[in-house]
């Protein structure tokens, strides 16, 4: 491989975040001029961090970056842009009230008579690029009024107008419909022909096979290999991607599922960009079992959980706990039915950071009789409750009055879990319960989940950590593209098989999937 | 240890803010006055000590006046505390003081009742009316998402003009030169607490009791707890199953009740007729007090005292020297700005945090080693 | 009675008064508009106007030049804006609170400063002389037209400036690169910074411009409207301006119309006080703009909410 052929060469890149998480470890990554290069890996594999470094949003702790053979320091996105790197973020960086042309020239608007925006020139420029690269947009339309696929074109044009020769696209198809995806691919191939280099981040194997020339696969902050797309099968990619490293073993007994606690019936959800993100999901969770939901993030799990806990309303369908529909109920009523929820975003939903540990563990039960004497709190029983929870869940702290925000991530999650697991729930929805926390806390939380299930609780475990779902679940649902792609209740699953379902290579028949409803 | 250090840091920071403000005040005094030392003396120690040819004595009347001045501001300070605790920038306490004072006055003039009960009824009716008024901005916020800051600001003017209208055209005593109501019935007046003309009434005691009650409400009841949690993190509260909208309305209504009490107790204690023709400004002072008290009701009387003391000092300074009393606004604004500045002295704070964290890490190292070993033990490859 | 009202309202001098009364509110409303566009709530307008009114007048007195006075007022406004910016963007004081602090300075601090600089208490009546007041100008040709001429001609230079600034600011916000960047920062800061626009810089510029406009408003008050500075002079116009901004949906032209509504209400109030029969409604008339603002906010909030709800409960599309 000749040196000048490589537009981007990242050498031994390491990134350690201030909280101690090593997102990249000695990653080598290089892209040839004029290719479409796929960067693939599970959530948390480190691909976003690597691309943020390339776009100047993050600084590497170690390692060198070469652009066209020349060593560079990318101190900010501005520097990266000036060196010909453009990024299309997953969440669009557009100003809704501005027109397409205005968004495209923002920060570099052409002027006339020295002070005014030359709107004609901006529109002309937009038209010129849009025609040259076959990215058809209406320069005068307001961004707020155009469709998602169009917004993405605007983002790509924004990068091109700024002189980008290397385009990074972060999961560009996640928000697109099938037709829009097809269109995007045509446009990207077109750009490739014109000599542009494209880095394409995705989870979707079919798309990668269809579109890209080479693939870099990442796992746990490492690059596990670079392949010519044609020389590797989808099965192999999926094996490399989800291959397991270290597994925390949790001893657990055989589950004895009893009565059905949660039934989900034909849920549909359409998101704010008119994309159908849940498409007829039905399953049931019985008391005494842990049902795991595996899947690459963004395949409907988020929406499912939000609907179950009253944070979103479905377009149609129903979800019932003990026969009572959850749809449209306020959280207080949902909790009253015996549902507990460990939220994915613990800092936003899980805790009030500047409040004390005590104030955080009682947030779902503070109005119960046992904690109140008439109008006043019964401080004694509140203290007793919080002290008990602190001990039970081994929260490492000085006292119950310590601010939660002062604790470590693992201990914050223990506070959340202490509250959610101790309210005598009949159903626990655990959403990424151990993401980003230390080994000790992870182990404790997993152990408690199993204990609760065996004591008769129904557990719905949603996790992007494949090892976690595979280890803990009694039966397993794989979600892909807003639907259930597979249901497994025999305990015989492995990462290769999971990978194939998660990435949409395989899916079960409707009959097989219907077994998830136990009806 | 970290917590204790942070409390200490908070105190140092507050003292620094006050010191900066007083220094700013002193600079202005030296710039503007021919007798800066006299001015400073009256400003700083005048409220309590009087000077008669070298004789220094404790001045009881001044002291009483300082306490009397705290009565309305304790109430508005508490009102703002309750509303700001729920993260509601509701500024209508200002208008509620006026309406509370006016309503209380009307009941005090036109309703006949026995002494003792009469004043209580005046205050309660004023409180109820103001509580109802606060439903407007809070319901608009909760039901429609309209900014409570703008609606409450507008509401202040609406309330002002409504009061002026009724004062001028329905309840004015036409026999008087200035616009005022008929005199309050004696039975409705809040009695004096001490002899003399200081206007220190039983209202002061009530204010202190209410401060304690509000503290208990905020820190020892389920409603106060919900208000505080919503103020810290609304999403968390919603997810925990709290009634977020209802609690926000509750906090605003309670704020209105407190402001209404403050207004009525102030007029019925201090005056013989109602003659306010503009917004009294106690609502804004209440905001300063709430900021100084960091939304803690227990600290409100202290903050109110501090401001009343400063105010009296400024008045005395104006009487006895060539510096105008409005100096207080400059000092107050400076304190306010620095107190509310999260990043003021943040460098110092950061150093403290780093230092404390290091120490804690050292202490916890042994614990960590143990933890990690147990973690590895259960890890299989 | 209504006849009387009718006659006194549809007269050129009444329309003239509306324009005169509207001008200072309009300056402040434009100040609110420009700050809000960059995502900054400037609740300190009231104080900014008071302080710049005082210094504008004093500077004019010292230099015996109204023009330098107006410039001085503008500069003081800018400085106050930057001070608010420093506390809020750098030291992280909540922007509403730093605005309230500026209002405190405006309320009492001005009286103190006046005394410090001049020894006067409460007002500057003693210092007023015609040459330090903002001159009025007759517009040739237009002043010959009946009614229209009486209404539009003979205003102070700053009155014309206020209305000219509506257009200027609209053009600035929508037709210049800086305005574009400012709106982008107010609407989606991360989008702006992703293309290298400095969010902080834009906010500083916006609040400084807001201060400059409030400074004009202040100068107008002390050097024309009240013919001298006095302590109750601004009388809530800074807050009214916030309402005008909100009611005008944050746009310069909208803010102008809502400012005119406030001007109309105040002019009506003055007129009505002189009339038998309805004189006793003067306060309620003065109240109208505030009620209208609240209603306007409610209508706006409902329309937003409707849009969101329509979205949430969309029928299933296959």
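So that you can tell them apart, the chains are marked A, B and C in the order they are listed, and the count of residues begins at 1 in each.
Criterion: a residue touches a chain if its C-beta (ideal position, glycine included) is under 8 Å from a C-beta of that chain, and two chains touch if they have at least 3 such contacts.
Since we're looking at a predicted model, the values are computed, not measured.
Undergrad: Line, ring, star, complete or other: which one describes how these chains touch?
TA: Drawn as a graph, the chains make a fully connected set, so complete.
Undergrad: Looking at chain pairs A-B and B-C, which one is connected by more C-beta pairs in contact?
TA: More contacting C-beta pairs are found at B-C.
Undergrad: Between subunit A and subunit C, what distance separates the C-alpha centroids? Give it in angstrom.
TA: Each chain reduced to its C-alpha mean, subunit A and subunit C end up 47 Å apart.
Undergrad: When the centre of a chain is set as the mean of its C-alpha atoms, what distance in Å lies between subunit A and subunit B?
TA: Chain centroid spacing, subunit A to subunit B, equals 45 Å.
Undergrad: Rounded to the nearest whole Å, what is the centre-to-centre distance of subunit B and subunit C, using the mean of the C-alpha atoms as each centre?
TA: 29
Undergrad: So in the complex, which bits of subunit A are touching subunit C?
TA: Of all residues in subunit A, those touching subunit C are 76-78, 81, 89, 92-98, 102-103, 106-109, 111, 115-117, 119, 158, 162, 268, 270, 272, 274, 276, 313, 315-316.
Undergrad: Can you list the subunit B residues touching subunit A in their complex?
TA: On the subunit B side, the touching residues are 2-3, 216, 220-222, 225-226, 228-229, 232-233, 235-243, 364, 367, 371-372, 374-376, 378-381.
Undergrad: For subunit A, which residues count as touching subunit B in their complex?
TA: On the subunit A side, the touching residues are 245-249, 309, 311, 330-332, 334-336, 341, 343, 348-355, 359, 362-364, 366-367, 371-372, 375-377, 379, 396, 398, 401-403, 406, 438-440, 443.
Undergrad: If we count contacts the way the header does, which residues on subunit B are in touch with subunit C in the complex?
TA: 28, 31-32, 89, 136, 140, 144-147, 149-151, 153-158, 161-162, 164-165, 168-169, 281, 284, 287-288, 291, 323-324, 326-330, 332-334, 336-338, 340-344
Undergrad: Hey, which residues of subunit C end up touching subunit B in the complex?
TA: Interface residues on the subunit C side: 41, 43, 87, 90-94, 96-98, 100-105, 107-112, 115-116, 121, 236, 239-240, 242-243, 246, 280-281, 283-284, 286-287, 290-291, 293-294, 297-298, 300-302, 304-305.
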